[in-house]
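You will see two complexes here that share chain A, one where it goes with chain B and one where it goes with chain C.
And then the complex of A and B:
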């Protein structure tokens, strides 16, 4: 009897978030209005062309491509938390898998749009597919990101099937919504055969998504590393990007955890222990990334080859020095030091650190993309100053913010449609602990 | 004291101003070249054709006439060609500037034909309402009378160019005419030696390099350019089998990274297809599993 009570409480606790309350409507309206403003800016870009941006012949990859790399990077977290931690038996991460998958899906889905925003003639997008050459990393990137998006969607959907059944039964929603939940739950009856099938397919995805996720960010790094330009011509760019991706993704999950926990009152399910553990995870991935940063700049900075030296000086003590050192210190070194203290691995300090790391991660991509573009091998001569030094415009900034709002919208909507912490898995865990007690 | 300083100041200002204008106009155009006129009538049609040539060759530095958008980062700043200073020059002077070039102004001698150069000048003049053209009496059809023949002497490795005109009164040799020899290459023309002056028989001799690559059979296209006082601008091409036979496979013949899709390297095709096929296999497996889940639930 007591057990049933707890099970009912868990179900109602975790289903509680699925309803349209005022705070949701206000938040949604705010995001919608902000998105409209940003899309208006994009409309201006479509109408007048790329001239409304700070991009030009020399810096043709500015904020948009930095943004793209950031989005692909952050989407990698689904693989780390759901697949790697899951396969290695880290049970504590189970309640976070759905948050990680929603973040992964949202960022991967929008990443493609970010690329379209960088195109002066987006109506020619189809040409990538019609005239694409499989020798080009750009086509590989389009391919792997599409694959990752599909796999991430399935990785979100398949473990969700039992919960969809619970939704169709327990939720107080109009009949047609119940029907949709029912259809999506694929006649789930909780039989041992069905459970086995779900388990098997989840395992197959968890294994398959690891190489796919490694591929998406390695290929994204090849967009840079496969061109022989200073700062990009590096053999470690693949792992350098992948480890950097784990840093920004973990930070995104921490931020999401904080808000879901607080707004949906999930303190019993996303506990301080989870923050403690994911804080340690962030330290781990940040240390690995710091190591790659050290290696990347140490090798180039020691040799100081003619053209490389110009870029290194620009980063270390020139135009981009403030940004470069801020990113390294506030986005990487300081968070690592802070998170070593147990007191810092509590929800609120972690939220602040998470935001710091995420902002740092965005500017880190900027630091990788823009300074290299400003220093081509052939010196830039006889052109106006604003061609040499990239300065983003207001319209460009608004267009850059648009995909961020879209990600928030997708996360908000998905979190309103499905329970953000897996119900059936939590119930199962409850059963196993009960059995263990006996 | 005051007035003296003031005088010096004025003198300094005036002299600086003079030096500047002197520097800008000091093209030292010879009198005969200065008096040269166009045989093409400057009308709307020629100005329109000139505009196209101008936009391709001149606008990147000089900007659009009258718009003041010339490239200000250059030194000296290229003048706006609708300006009074430019319009005060004669057609001959403008033509001379186009031919010779100076400092950062390149020579268009071998880039634009005489006809094209006059058309550009016609376009520049279209911005001057007070301009009245002095038309040259030169008949461009006279160029058709000229015949250029080229021959190669394998012993001396020399190309002999012979220029004659078939006048009604008989064959006339073009003497004392500056003549240039080129070989056509992928991207434009390669000049062979320096310009030569034809002798009294209308002939000039060029030393031809021994190591110049030709096509499979060693054939190259030789181009002769000359501009004669009486016959105008003449360009004539002849193919001769005098270069080193060269057969190099084209860079796009074999499968390569930089080639078109149909000529992609096999290893890329295999790796890419393997990746996509693996995805399709996993996707099919998952869809089938989902279908099994649905069917197994329906039985109950």
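And then the complex of A and C:
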């Protein structure tokens, strides 16, 4: 009897968030309005050409490409939390899997749009499929990101099926919405056969998503590493990008955890222990990333080869020094030190640290893309001054913000449609703990 | 009389019948003759062969009925020019030699190029750079066109085959296909490519013109442009715009297969390999493995002083 009460409480607790309240409507309207402003800026870019950006013939990749790398990077978190931790038997991460998968799906889906926003001729996008050349890393990127998106969607959907059934039964919503939930739950009846099927397919996807996720960010790193440019011409770019991706993705999950926990009153399900554990995870991935950073800059900085020296001086003590050191310090070193203390692995300090790391992660991509473009092998001469040092414009900034708003919108909407903490898995865990007590 | 009168009547009838018979037989024979004749003509035409000369200078014989007139490029101009532009000139391997000892920064090459390709003043297919390699080495002027590499990093990364390498060595860009991703700009170590960030300045006057991939005119907003070795002029057997415009004898242009290059100023034709050998010719950044088709002769024995006002810019990147 007591057990049933607890189960009912869990179900109602976790379903509580699925309703339209005022705070949701205001937040949604705010995001929608902001998105319209940003899309207006993109309209100006379509009309007048990319001259509205701060880009030029030398720095021809800037904020948009940095943004693209950031988006692909953050989307990798789905693979780390749901697949790697799941397969290695880290049970504590189970309530976080859905958050991680929603973040992964949202960032991966929008990453494709980010790259279209960087195109001079977006209306010719289909040329990539009509005249596509397999030699070009862009083709590889398009292929693997599409695959990753599909797998991520499945990875979100399949474990969701039992919860969709619960939604159709327990939610206080109009009948047609109930029907949609019911149809989506694919006749789930909770038989042991069905349970086994879901368990197996989730496992297969979890295994399959690991190489695909590694591929999307490795290929993204090859967009840079496959050129002869100083600062990009590096053999460690693949793992360097992948480990960096885990840092920004973990930070994104921490921020999302904080807000979902607070707004949906999920303190019993996303507990301080979860923050403690994911704080330790952030320390681990940040340490690995710091190690790759050390390799990347130390080796070049020790040799100071002719053209690399120009770039290294620019980063260490030149135009980009403030940004470079801030990113390393506030985005990496300081969070590692702070998170070593248990007191700092509480929800609120973690939120602050998560935001610091995420902002740092965005500017880190900027530091990888822009300074290299500012220092080609041959000197930049006989061109306007603003082509030598890249300064993003307001329109460009708005167009960069647009995809971020889209991601927030997707996460907001998905979190309103499905329980953000898996109900059936939580119930199962409850059962196993009860059995263990006996 | 009556008999007389009857006689002609009788004869007339017989003759009439005979006549009918004759006409009938005649018609039959004539008809079959014409029929046979037509058939014969048809067969004769089918068997007729014609000789045609192919573009490869080969004399061939084909059925006349299979021969058709060449469609002159009018409405289908676009595809024709684009196809022609992709094929290149058979048997040629174009090269350029730039003699740095002659360049005095007159920039006539840049002006001629910008005019021919309808570029904005800040866009350069060819750019005369003020160079200094280290603190104690002399400064010099270095015109830098696209290097038309034999192992071009730009064409490898293009996702849509908009930029391509022709058999005659020239690297071109098809701005009807370019999606504007600018990966080629990122990949080019010589900074040889430019992008149409805004509406091109000549877009009004160029409106309706058929796009010529060998000239890259009309330029298009949101697409790449680059040095084309003046492929349109080369097709006509002329020297590139920049080469002809130079007043100082800096440029040689020609065919590696013929081992001959022509100076654009003096119109003197010399042996390509001998020119390189006698003057210590080299390529830019050979360590990148791009195999440029643009060769440089070192700024040895300059006939002019490097201008003082340019010294600061030339030495800008040197460690102080």
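In this section, the second predicted complex is superposed on the first by the 438 of 438 C-alpha atoms of A that agree within 3 Å, B and C clash if a C-alpha of one lies under 4 Å from a C-alpha of the other, contacts with A are read in each partner's own complex, and residues count from 1 in each chain.
Just so it is clear, contacts are C-beta pairs under 8 Å (C-beta built on N, C-alpha and C of every residue); 3 or more make two chains touch, one makes a residue touch a chain.
Computed from a predicted model, the values in this text were never measured in an experiment.
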| item | value |
| --- | --- |
| Fit or clash between chain C and chain B when superposed on chain A | clash |
| First, second, both or neither for A:132, with chain B first and chain C second | both |
| Which superposed partner A:382 touches (first chain B, second chain C, both, neither) | both |
| Chain B versus chain C as contact partner of A:51, first or second or both or neither | second |
| Contacts of A:228 with chain B and chain C, given as first, second, both or neither | second |
| Which of chain B and chain C A:349 touches, first, second, both or neither | neither |
| First, second, both or neither for A:194, with chain B first and chain C second | first |
| Which superposed partner A:239 touches (first chain B, second chain C, both, neither) | neither |
| Single chain B stretch clashing with chain C - from 8-16, 134-142 or 188-196 | 188-196 |
| Overlapping contact positions on chain A, where the chain C interface meets the chain B interface | 131-133, 135, 382-384 |
| Partner chain A, residues of chain B touching it in the complex | 71, 73-74, 257-261, 264-265, 268-269, 272, 275-276, 278-279, 282-283, 285-286, 289-290, 292-298, 300 |
| Residue numbers on chain A that touch chain C, as the complex places them | 48-51, 53, 55-58, 60-61, 115, 118-122, 124-125, 127-128, 130-133, 135-139, 142, 223-224, 226-229, 309-310, 373, 376-384, 387 |
| Of all residues in chain C, those that touch chain A in their complex | 110, 122-124, 127-131, 144, 153, 156-162, 177-183, 185-187, 189-191, 193-199, 221-223, 285, 288, 290, 313, 316-317, 319 |
| Contacting residues of chain A [partner chain B, same complex] | 131-135, 140, 143-144, 147, 150-151, 154, 158, 161, 186-189, 191, 193-194, 197-198, 200-201, 204-205, 208, 212, 215, 382-384 |
